[in-house]
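The structures come next, written out as structure tokens.
Below are two complexes that have chain A in common, paired first with chain B and then with chain C.
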Partner chain A sequence: MNRMPVFPRVIASIAVLLLVVTSGCGGNTSNTGTSPKSENLGTGNKPRRVAVIISTLNNPWFVVLGETARDRAIELGDEATLFDSQNDTAKEAAHFDNVIAAGYTAIIFNPTDADGSIANVKRAKEAGIPVFCIDREINSTDAATAQLLSDNYSGCVELGKYFVESVGEEGSYVELLGLVGDNNTWNRSKGFHSVVDRYPGLKMVAQQSADFDRNKAMEVMESILQSQDDLDAVFCGNDAMAMGAYQALLAAGKADQVRVFGYDGSDDVVTSISQGKIAATVMQYPKVMARTAAEYAHEYLANGKRDFEQKIPVNVDLVTRENIGDFTGFGRKE
Partner chain B sequence: MARRRLFLYGGLLIASGIACCFFPLFHIRPLGGERSATGHQSRVADESAPANPAEFAESFWAGPLREGEVATDVTALWKAFEADTSRARSEYGNQAGLGGAWYFCVRGRGIVETVEKNWLILAVAGDSRHVRLDLGVVVDNTVRESLGVKASSFANSQDFNAVSAELNRRVEQKVIAPNRPLLKPGVEVEFVGCARIGGQSDLDPIRLIPIRLSVIANGHSTGADDGGPAP
Partner chain C sequence: MSDKLTIWQHASRLQPLLVLILMIVAMSLLSDRFLTAANGWNIMRQISVNVCLSIGMTMVILSGGIDLSVGSVLALAGAITAGLIKSAVPMPWLGVELQFTTWGAIVCGLIVGWFLGWFNGQMITRLKIPPFVATLGMLSIARGLTMLWTKGFPITGLGEGFAILGTRTALGAPTPVWIAAGLVGLFVVITKKTRLGRSIYAVGGNEQTARLSGLNVNRIKVIVYSLAGVLSAVAGLIMTSRLDSAQPNAGMGYELDSIAAVVIGGTSLSGGRGSVLGTVIGCLIIGVLNSGLVLLDVSPFWQQVVKGSVILVAVAIDRMRESGE
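Showing the complex of A and B:
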């Protein structure tokens, strides 16, 4: 067996050691030191590369959001790549590192955490890369270039009014919350409670988080049903949880007795409303948000537009059995 | 032979090094570095944002609302919509974000025709159309949007929404509640109110959430809200 001579082996070992130790140290400093890319954008010589970083692709709603943004960017002649943060702030940070290092020129971003994601956006900004947040906000007005956010509070005010109309002014209900670190969770909850709490006869007997996750919602609902057998309604912070709660109610034989309310306007819930399984949802428009963000990024890169409104609420609509004919999954019928 | 191997391994190492520069295997960061960066960002954002929703609402309540400059005469608004809907919207209204409804701040004077539990109907002099003033619970963003409060002024949308809740609370407690016992058929009132106008059907009656309200007695306003008579 041929063996490497001793001297080259020592050199190689030292070099590998140095490489491993030093390669990870550049994270913040190299990004901070990168020259702003915007200097080259006006010339049109630099390829326009858009990174679409989405909090999770384990939920059909976010898949529509991410794929629409990517596809619209490509339609506009930009390169575009989709990244999945898997609801993990560490993965999200790694995506930003890679995107900055790989020379992307704009980021369309669906954050995992309203506070925890600010540092990532700030690093991209320091590297001269504009960031357009969609659907979920970051708690800052000076890091992102613009933020396109569903008007969740208004949507849940309307949902709350419909909830009172259909359930009545007396009854017991459960609330399933989304991720507790996400502003959307609380804007939806507060909008809903701004109406429902005006009716003392409506009692919330349980309020638990199910992290916007269908399976978790089913487990939480199964657990609640063991101690609450006289429920009238369940308000869920998104449609995935609404479907999970409905499955639990169906298994317990209570699907006809308990009204389920969701939020998002996903395909399966729109179908379920038409079948009378789910009472109502609020239609967000992920395609509108995603397309607009891709168009903003293109305007920034190709035409030099800079005067974006920082936070842009996006209209939402209540969807019930009465107006279900106007809607399809993730939007209005065209 | 040994030299060739040395160049081979050296070349591989250099290539690996370049790859590691672009795709680092890991990052070394100070403990809590991200947290502190986040904290700094939040603090900066907080500094640029309104101090708190209640104070922000108070500044609006005591400023533009008291002066009445934000409102358009109701008959002028009706005429503007008759002439050109798009122009009426852009000239007198505020749109809430992307694809959102249009909101208007409206003032006028009218005679109470009917009073129900949660609203009343006003006849407006010189016009056959009517105004509906809401007198029940106030829960949505109509007041905030009509006044033109911008989401971009707030780092956290929860604070932006809290402004709505605070404005609505003031409307209920300081405008509707004190005037409610005075509002009977035949009474003349001056009003400033907020409207969400989606289409033509929202114009007659035009549905307003009153943000200032006063009863006219012997030609004089006797406003029961803390902002005094409507302009």
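Showing the complex of A and C:
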């Protein structure tokens, strides 16, 4: 009976919603597009098309990684498109199929899984498309053209040393792990424990997973605080969890007493270190890795370079109150 | 004889409550830190987000539907509010920028929640898309819009005014608990005492009969999904305020926690039977379990197994009782 007035209302309402969304994004116009029109002919005659396939865009760190690679490729005059695998190796395989079928000429690749992603890389190799892995590695030395890797283990060894230095050789601490099915989670944890476990006075009173998630970390930390009165420190497997843990400590009035350690070098943690809220983090350089990979892909396509080293470690740096002046979110100050 | 039956029926209604009490006793025996006032408030504060989501989910399920989009709607509403608090909206054609007040931004977040819920309702009633599929579509759309709005980055630093929603206490209780308790009260009354509430049960019990007896089934469904959308938005605001940050991936998988709470609380997935209070008990059971397992420092691998098992056991008891009746 009131069928007629509803549809105009639907459309009007959609219009209102879209209006809000577009005007909101308009404030900070960023490049979501793909390609430059000019100088796409390059030396090789055929267009240089780079696919940037990232494990997940659900985390700012990976957004920076993916967007920097894409933007750098576009700067160099290549076409580039960003793909999101949503942490799912099957989705990643579908991206590879599409990318190969669509005639892309190079892939910058952040794998979802060290073993599960090997087959994808091999398929691209068979199709004659070079693959440059960034940040996370694949457990194969003859599939990718080159791998630019952030060293999670040694980064956390450095963090572990600083941890002992600032907390002391006696005390109790909590560890918040990332996703328990993820390589990085355990590489970080092992690096940290390789140092800290040598001090029997440092007791780990709880080890819990918070899935690399800020909200989960806050809730887990709140529960842990119910059972632990005198904590000295919290080691978190990434910066999002460090912020969540800090939030819980702040609410419990223990932010001054418990030192929080993170990993990643995200902008909010860098700011928090400068304000004395968080003790330290490890800076990985997503922008450096991404830019280098885009440059390698360009060298390969435009200048015919083939002799890349298989594994190229990208340095990570400890960021503390003492050297915070040198850093900004996701990298060094320029 | 009939007296006996009603006593039995009353007792069986209390089954989720018995499970809850049993769990509290067990946790208290295992950890001396569990049964403290501080931990009690802690659990209540933690479940307030799920309570808000689950009240809406209860009504949707009572009406014979399902809403998978609650987690994404939570994220979008939180992100919109945070974005509007944080920065002004430029209006190029007017040459001005609109800067929302904190309350204005909160209202916008609630409107977004309402709209997405209303849209779910329209897809289900006008286009005859099954609720599972319609809200599955919305799950993806709302998540995508959240990503577009935030560009994948958290929106942080939302100011003191907004922090009240999630981090303060009033009259001895945390504000999220007040909000959740208020909503529980309101919706207990709505479902039990109003015409709308009775209509929801009727639609879920037997849609055909409800239609034939003159109820405007479509209108009731649209109202139910709209309310679920608003309640998801409230949950999103509480969570954003607690974190002082709107996370683009907030609320992922929360639809499952919410459905679990509803089902553990004794609401039938086929509709028409259940209650908001049962759902609150379901939320408490999940909250006690989450907090207790961390307090006992149970390995994260085992936690998932234990949680799944408790859900299965609680529902199995419920089904046994149903077939016994």
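By our rule, the second predicted complex is superposed on the first by the 288 of 334 C-alpha atoms of A that agree within 3 Å, B and C clash if a C-alpha of one lies under 4 Å from a C-alpha of the other, contacts with A are read in each partner's own complex, and residues count from 1 in each chain.
Rule of thumb we're sticking to: contacts are C-beta pairs under 8 Å (C-beta built on N, C-alpha and C of every residue); 3 or more make two chains touch, one makes a residue touch a chain.
All values derive from a computational prediction rather than experimental measurement.
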Which superposed partner A:186 touches (first chain B, second chain C, both, neither): first
Partner chain(s) touched by A:119 [first = chain B, second = chain C, both, neither]: first
Touched partner set for A:306, first chain B, second chain C, both or neither: neither
Contacts of A:243 with chain B and chain C, given as first, second, both or neither: second
Partner chain(s) touched by A:223 [first = chain B, second = chain C, both, neither]: second
Chain B versus chain C as contact partner of A:60, first or second or both or neither: second
Partner chain(s) touched by A:203 [first = chain B, second = chain C, both, neither]: neither
When both partners are placed on the shared chain, which of chain B and chain C touches more of chain A: B
Touched partner set for A:213, first chain B, second chain C, both or neither: second
Shared chain A surface residues [contacts with chain B and with chain C]: 20, 23-28
Chain A-touching residues of chain C, taken from the complex the two chains share: 31, 33-34, 36, 38-39, 42, 45-46, 80, 83-84, 87-92, 108, 112, 115, 118-119, 122, 126, 145, 147-149, 151-154, 156, 167, 239, 242-245, 247-250, 252, 290-291, 294-295, 297, 300-301
List of chain B residues in touch with chain A within their complex: 2, 5-6, 9-10, 13, 16-17, 20-29, 33-34, 37-38, 41-42, 44-45, 48-49, 96-101, 137, 139-141, 150-158, 160-161, 164-165, 168
Chain A residues within the chain B interface of the complex: 4-5, 8, 11-12, 15-16, 19-20, 23-28, 93, 97-98, 101-102, 114-116, 118-119, 122, 137, 139-143, 148-149, 151-154, 157-158, 160-161, 183, 186-187, 190-191, 194-195, 198, 285, 288, 292, 309-315
Residue numbers on chain A that touch chain C, as the complex places them: 6, 10, 13, 17, 20-21, 23-28, 30, 57-60, 63, 177, 180, 205-209, 213-215, 218-220, 222-224, 226-227, 240, 243-244, 247, 251, 268
